[in-house]
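Next, two complexes with subunit A in common: one pairs it with subunit B, the other with subunit C.
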Partner chain A sequence: MTMIDRKLLKKESVGPLMAVLRDSGRRIIAPQSVGSAPGAWYRELGPEDELDLEHLTTLSPKSAFLPMVEEILRFRNEGKRIVIDDCKIQAQPTVIFGSRPCDTRALHALDAVFLRQPEDMFFREKRAATTVITFSCAAADPDCFCTSVGGGPRDPEGSDLLVTGIGNDCWLVEVWTLKGKQVVELAPHLFQPAGEVETECLVAKVPVRFSLDDVRKHLPVLFNDEEFWREQSLACLGCSSCAFVCPNCSCFDIQDEADLKGGSRLRCWDSCGQKLFTLHASGHNPRGGQSQRWRQRVMHKFSYLPEKEGLIGCVGCGRCSRACPADMNLVERLTAIAEARV
Partner chain B sequence: MQLIIGFAKGSNGRRRPLFARSPEQLDQLILEDNPPLNLAVYLRKPEIKRLGKAGVVATPAILRSVLQLAAENQYHDSEALFLALDADGAVVELSAVDQIAAFVSSSPNTPFPSGDGIQSKDREERFAYWQQEFERCIRCYACRASCPMCYCEQCIADSNQPQWVPVPPHTLGNLEWHVARAMHLAGRCVGCGACSKACPAGIPLGLMNQFLAELVEKEFGQRAGMATKLDYPLSVFNVKDREDFIK
Partner chain C sequence: MTADNVYQPYLMRIERAIDEAPGIKTFRLLFQDEESGKNFQFRAGQFGEYSVFGEGESTFCIASSPTRKGYIECTFRQTGRVTAALAGLNEGDTIGFRGPYGNVFPLEDWKGKNLLFIAGGIALPPLRCVIWNALDLRENFRDVSILYGARSVGDLVYKYELDEWGKRDDVRLATTVDPGGEAPDWKGEVGFVPHVLEKMNPSSDNTIALVCGPPIMIKLTLPVLAKLGFAPGDTFTTLENRMKCGVGKCGRCNVGKYYVCVDGPVFTLEQLQGMPNEY
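Right after this comes the complex of A and B.
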């Protein structure tokens, strides 16, 4: 990736910029608070809604590309025939405003799955219609570990625009793609030139917690060590919170909802942590125990995806660690893998 | 006893379950008044069962869960040992179901967690409230996984022939799932609050169970986890049952 341009944006110009984006027909998806729910949530941001860049979002903006439930075709009974109708793909021009570098980086793992041949047209259309404006992290919490998996609090990977605080009243805006350039060109009067000088940026410090190389080296060796995985996952309830809050997890289930006249085929989020995920019609389950399901989760992210697609299926956002009711801290588990004597 | 299950210090200010298998590991044990989950849920896990007979550091909610499980034939006398604190702060060892029942009935009754006044609102407001809450449901089923009473080998939500509950996390599917779960727990929920705590979306699921628990107590005079034998209003057929509500 090469940076195209650098601009300055006054904080007071954020509201006017969003108004311009809305006027251009783009819908804005941005973190905001929802009732008494904990954290912030990505929702469509109307002119009256308040942007919340302070709180961590409970979910990543993944559902803008891979909705929790999505209709992929319709069918109807006509006499003895079943007629299949295509669904109109809902790909409204969208701006994700206020993503975090980790969540934006996670789009690579989704791209690798959904844009490999044959491309998934539902994902592709939404991805193409969406501009991602990421905000660098000025603060991190102890569950953050982006720097351990190749990212960082100011990582531009996947962003169209990367916005970084440089003081009380100003943002530094890095233009990384043509989509990002289009946003700047929509409202040139709101941006000032940033010049060549490197500015002091307000960016969180996130320490590296484990050796990713060692994790990757040890995983194939540990694969058959049943006792190791059982011990790692003893507390696991199989609740799948980790997968459902993960910005990288992309597994889905296909469900038909129908009545006598016809129905819809739906794609819904799913998780390898649930025993139903691999249950065969015969009753046999190749991943019959929770330890095997936990191993699959770790292997998929840190061994299979790197091997197959050359990328890690984890961006270190820490959501799984925050969500787990049994405190199965992923960093601790990965550290144990990196430090295992194999 | 091959195993003691309790809580230990977890990561970043959290608590985590401890599965101590040596006296040294017991040093990590801490007493937790506000546990993030209900340890009784581990008693049915095959991975835990294979470690041998367990001792559980038990809060009143855990003991009531076990009593309820015993009444439903899911826990049998002396399968595990429970270490509880009596009113004087002394450790009591409980194992037989009758012992647990005696201990529970002599302990002060734990009130259900209080809702933020939603119960007193009218029907439309309550419905609107739950619609709004369920909108965040991602159908991860952490509520089910964290619940000691959700021990069905095949959950109604996992059945697809026929499909009783819509799987997708849309409005109807979420409403049906949570109402189905609440109904299945009516008179069985001990009010431990583990479902609300496990929910990654922060939906206060326990409130629904509380509402039904209070209703069952009022109508049938029963409260979950208080006795070794219970007649559940929703699973018992009694010829004397009133049927005048069936139109």
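Right after this comes the complex of A and C.
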């Protein structure tokens, strides 16, 4: 990636920029607080809604591309005849405003799955219609570990625009793609040239917590160490919270819902942590134990995906550690893998 | 139909429904859209997602041979929601089919070789497509041997074709049932597949072995093949991991860095030896 341009944006111009984006027909999805729910949530941001860039979002913006439940086929019963309705998708132009560098980086893992042949048109159309405006992190949470998996609080990977605080009243806006450039060109009057001046950016310090190289080196050796995986996963309830909050996880189920007149075929989020995920019709289960399923989760993210696609299936957002009801901390588990004697 | 939606099935009409064994049926399926039927091509080893609208999709191999044009067949055992709904359908009813998916048996590489098919129970269908494919191109291959076993005589599928294969002088057929599964007029073997294989004592020279069956049968048959001198690279099987999408996305059939739906379902024993034992 090469940066196309650098601009300055006054904080007071964020509101007017949103208005311009909306006027251009774009839908804005941005973090906001929702009722009494903790943290922030990605929702469509209306003119009256308040943007929340301070709190971490409980879920990543993944569902803008891969909704929790999505219709992939619609059919009708006409007497004994079955009619399939054309499932054409008209993705609305969308701006994700306020993504974090980790969540934006995770789009690469989704692209790898859904844009490889045969392409998934539902994902492709939404992805193509969406511009991602990422905000660098000014503060980190104790569970954050982006720097341990190749990212960072100011990592531009995947962003169309990367926005970084440079003082109380101003943002530095880096233009990384043509999609990002189009946004700036919609409201040129709101942006000032940033020039070549090296600006001091307000960016969080995120310490490196473990050696990714050692994790990757050790995993194939540890694979057959059943006792190791049993101990790693003793606390695991198999609830799959980790997968559902993960910005990289994209495994899904396909289910039909219908009545006598017709119905839909739906794609629903699923997880390799679930026993039913791999259960054969015969009753045989290739990953019958929770420790095997935990191993699959770790192996897939840190061994199989890197080998197959050249990318890590984890961006260090720390959501799985925060969401786990049994307090299984991924950094602790990965540290144990990196430090295991093999 | 919009070819762009990978999840959109062809509509298929059930032309024939055959009761194979208790709970096991075969459907012969015709494409409702004739043009799609004419353009449809597949090769032995590939599979598809078969659906009852409103119930869901199930994964089965295409059990007919690509040399038999104009239709496809699938054979399934009634086990869950979708297969129960399928079993309740009749000739003339409509189902969905997506495919063909997955890799193939490399029949072109096997010209001039002997073929040894070993199948157990409901796992004959994935080999039956190759058997007919090879028999329809009989001059390409040397000896063709088939060993098929099931729990009982009643559980054998494609009984009408077993008779046909048995009568041919260019096929060596052995059928067997587990002890206690024989009927009074049973003329085949009685015993487990690995034991009968030992008795058959096939030569491994210039021979490809294709093995499909329940995990326990495969587990006990592979050592016999090894003893007979079959190289792991000449021993083929299909993996039957659970699938949903069939196109390498839903993650369900992932074994190591492979997706069985895309990189399989056909694997050699040599490949399996380099994979995690999660199938």
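We take it that the second predicted complex is superposed on the first by the 340 of 342 C-alpha atoms of A that agree within 3 Å, B and C clash if a C-alpha of one lies under 4 Å from a C-alpha of the other, contacts with A are read in each partner's own complex, and residues count from 1 in each chain.
Quick note on the criterion: a residue touches a chain if its C-beta (ideal position, glycine included) is under 8 Å from a C-beta of that chain, and two chains touch if they have at least 3 such contacts.
Keep in mind that this is a model prediction, so the values were computed, not measured.
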Which superposed partner A:114 touches (first subunit B, second subunit C, both, neither): second
Touching partner for A:80 - first (subunit B), second (subunit C), both, neither: second
Partner chain in contact with A:342 - subunit B first, subunit C second, else both or neither: neither
Contacts of A:221 with subunit B and subunit C, given as first, second, both or neither: neither
First (subunit B), second (subunit C), both or neither touched by A:35: first
Partner chain in contact with A:139 - subunit B first, subunit C second, else both or neither: neither
Partner chain(s) touched by A:72 [first = subunit B, second = subunit C, both, neither]: second
Partner chain(s) touched by A:269 [first = subunit B, second = subunit C, both, neither]: first
Partner chain in contact with A:178 - subunit B first, subunit C second, else both or neither: neither
Subunit A positions touched by subunit B in one structure and by subunit C in the second: 253, 255, 257
Subunit A-facing residues of subunit C, complex: 1-2, 4-9, 11, 51, 53-57, 77, 79-80, 83, 92-94, 214-215, 240-242, 244-245, 247-252, 254-257, 276, 278-279
Residues on subunit A engaged by subunit B in the complex (per definition of touch): 34-39, 41, 58-59, 68-69, 141-143, 230, 233-235, 237-241, 243-245, 253, 255, 257, 266, 268-269, 271, 274, 276, 289-291, 321, 323, 325-329, 331-332
Residues of subunit B that touch subunit A when the two form their complex: 10-12, 14-17, 19, 36-37, 41, 45-48, 116, 132-133, 136, 138-142, 144-146, 158, 166-170, 173, 194, 197-198, 200-203
Touching residues (chain side subunit A, partner subunit C) in the complex: 72-73, 75, 77, 80-82, 84, 86-88, 113-114, 116, 118-121, 223, 250-259, 262-263, 265, 267, 270, 272, 277-282, 284, 286-287, 292, 296, 299-300, 303-304, 307-308
